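Below: one structure in structure tokens.
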Amino acid sequence: MEVHILKRNNNSLSTPLILINFKTYSEALGEKAVRLAKIAETVSEKTGKCIAVAPQYTDIRRIARETKLPVFAQHIDPIEPGAHTGKILPESIKEAGAIGTLINHSERQMKISDIERCVLSAKSLGLLTVVCAGTANISMATASLNPDIVAIEPPELIGKGKAVSKESPEIIADTIALVRQINKTITILCGAGITSGEDVKAAINLGTEGVLLASGVVKASDQEAVLLDLAIQI
Amino acid sequence: MEVHILKRNNNSLSTPLILINFKTYSEALGEKAVRLAKIAETVSEKTGKCIAVAPQYTDIRRIARETKLPVFAQHIDPIEPGAHTGKILPESIKEAGAIGTLINHSERQMKISDIERCVLSAKSLGLLTVVCAGTANISMATASLNPDIVAIEPPELIGKGKAVSKESPEIIADTIALVRQINKTITILCGAGITSGEDVKAAINLGTEGVLLASGVVKASDQEAVLLDLAIQI
Amino acid sequence: MEVHILKRNNNSLSTPLILINFKTYSEALGEKAVRLAKIAETVSEKTGKCIAVAPQYTDIRRIARETKLPVFAQHIDPIEPGAHTGKILPESIKEAGAIGTLINHSERQMKISDIERCVLSAKSLGLLTVVCAGTANISMATASLNPDIVAIEPPELIGKGKAVSKESPEIIADTIALVRQINKTITILCGAGITSGEDVKAAINLGTEGVLLASGVVKASDQEAVLLDLAIQI
Amino acid sequence: MEVHILKRNNNSLSTPLILINFKTYSEALGEKAVRLAKIAETVSEKTGKCIAVAPQYTDIRRIARETKLPVFAQHIDPIEPGAHTGKILPESIKEAGAIGTLINHSERQMKISDIERCVLSAKSLGLLTVVCAGTANISMATASLNPDIVAIEPPELIGKGKAVSKESPEIIADTIALVRQINKTITILCGAGITSGEDVKAAINLGTEGVLLASGVVKASDQEAVLLDLAIQI
């Protein structure tokens, strides 16, 4: 597969990409988050494949400092610095060392105008954006807002252990067709149910440039073995 | 004024209390958050008064490590560890070093059942809870949910530079009367527009045990001078 | 059981009360809503018991016109007349003939400040308010906001076919005890899983003044028989 | 201008179209809503132009019965018949006589997946859909979800008395260009600040097929005169 480099200011990612969402799993919190990130770093170094991580907010700084991995936030709020309480200021995740953020994950969906606002504010700060979508048409819709990456994740398959790339290849094919109608270069990831190198291979064969996954790695009894399998096959 | 100690597990606070909400102000982010926290620590040591801070999520760990101040989160979500993305897991703010959290700040309001869930989960983790309320009746309502602290903050006065304790003393008096009908011991703070030692004194004279404030300190040209004035008068 | 009359302006209800939430069931929409309301009216006339109904917004006017039943909205929004789109203006449900409204039903929960705002605006319009709560402490909290009626409905029992009054009598007992600490006269209903006269009797014996129910009547194969059983036993 | 007919089942609209959102204005509630609808009907008959209205939920049935105007709801919720309280069931607005609905108005925005769900459920019921968008890119995004009509309404101009078609013609031009990239036939309306025939003419000249407006008509001292001016110029 061809390698692409996504750059925004000094931040860069390359495809094919494995992006691990740590969610709010206790298996990926605090010390355990750092340990998992270090495993990912080792696998990335061994295989030469790009692995990025999206830990909880409180762990962004440590992981950005203690590893060389590209770190993403799981969400940002559509706000500017000022009188907001309890919200995720885009500047705060950048200051802590993130190079980008997920937006509109199926577990943290937003109004469409807020997605646009977040994409624009992330761009103005030099942060990379991964906008998540649950259907092919929504993928096309989010591509209209010009994020760096669109990630198609059918919510009905998330965390179910059946890979989208094998269970619903038509959703991925439709997504690619619709997104490419309006944008030839945007990076397309897929996710939901990805747990093995085979799932990843199927995803790449369908034309995506990587995968977004969570429980498949985070909750694996041997996280390193799973990641290695994914990275070798991607 | 009598000193009270609030304890939950190994966490403790004492009243009279000054609790500074850093909000998402750029003047209280990253390095600037640490610097402000260190100023607060110095003032606390000089005056013997308890000062707590509520920084952004990404700064909790640093401030908890680099100062001895009690650190609060600005918000937690009503969730347990698991498949949630972009949310604030109560366990995550505890792991990062917070000893408590604001709940239902006027800029981050919640459904009443979520407030109850957050109070219960914080308690089960040994975190102190400060539930915010905008009116006297809502203060009474939130006191029914048994948080450690109720903070009355009329939203119409937040960030306006007119102290609630001088502009609307009757709201504070009503709050104390209504809350005391159902709970004799819960700690009551007030906030909104507090910027000076005089405002604090008025708040204490009305029967509260401390203040919650933000811009009055965060955006002050001389943060230390303001904090010193507050701490001496409290 | 003693009969109480709740009055606000010209609107009145009496207890013991059966309040039927039509939800968005297709069995209680349009013509079917009118038919069910007429059945309720017949049962009310036969038994002398007060039965109120909460149909969908679009059916309020017809039912208010075609029956003599007290009609409630299922929700109002915390807004005043003006530039709001798609919201439920309290004035609109009154104009259509409703005499009151549910607020904070477990399927339509609100921020606590919005509950207060809705109670106040309903009162200023002469509308009766039924604030729903899922736990005993939340019942107490909502009673602090001075609605006319508090309805305790543990969400885990809604639509499950097991009556709260028999499955969880302690929740009702706790609710009554906590609410009475702060308000001696507010009307207390209970709901969730109520389907028979026996369930109603148990609810009344625990000290409530009526029931809030939905599927037990709406989805019954013989709606009149169920309602008659409920009305005779209340 | 060419006339187009939008059809879905037995429902039809024609362009150029004037769509009046009654919002929650007291000037367009109950009797006043019916009166305004009758004025619109008269103007429509006199001029041969299509005028549609979007009243409050409680007024849908009366206006659908007492006039021949196409009636829209202001919003629907992404739900199916069942146990939902206080929500807007798409079936309920159809049963009351609406032929379509606004979706995602700037005052009632939704998650993108909910917009898709509402468009699909409206279509399956034979209801026409008008999805609102605040920017050109969001218009393109919503067009990806295949509604019948996209309405571009920059929120910063709503209710300000300056017509989008004269103040920000470039937003309309960009919208048309972006939407046409992906859909050649979808109907495009514009709105915000429209109050006169001149504003409408400017909108049509830019390539839209009609206007969405509210206060310009609803709050006019002479509603008929304003509507006549709009209808003659469209």
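Order of writing sets the chain letters: A, B, C and D. Residues in each chain are counted from 1.
Quick note on the criterion: a contact is a pair of C-beta atoms (placed from the backbone, for glycine too) under 8 Å apart; a residue touches a chain by one contact, two chains touch by 3 or more.
What you see is a predicted model; the values in this text were computed from it and never measured.
*Asks:* Using mean CA coordinates as chain centres, what's the subunit B-subunit D distance in Å?
*Replies:* Result: the chain centres lie 46 Å from each other.
*Asks:* How far is the middle of subunit A from the middle of subunit B, if each middle is the mean of its Cα atoms, in Å?
*Replies:* Centre separation, subunit A to subunit B: 34 Å.
*Asks:* Quick check on subunit A: which residues sit in contact with 2+ other chains?
*Replies:* Within subunit A, residues 106 contact more than one other chain.
*Asks:* What's the contact topology between the chains, one of line, ring, star, complete, other?
*Replies:* It is a ring, because the chains touch in a row that closes back on itself.
*Asks:* Would you please name all pairs of chains that touch?
*Replies:* A-B, A-D, B-C, C-D
*Asks:* Where on subunit A does subunit B make contact in their complex?
*Replies:* 21, 23-26, 29-30, 56-62, 73-75, 79, 81-89, 91-93, 95-96, 102, 105-108, 158-159, 214-215
*Asks:* Under the stated contact criterion, what part of subunit B meets subunit C in this complex?
*Replies:* 104, 106, 109-113, 115-116, 133-135, 137-138, 140-142, 144-146, 155, 178, 181-182
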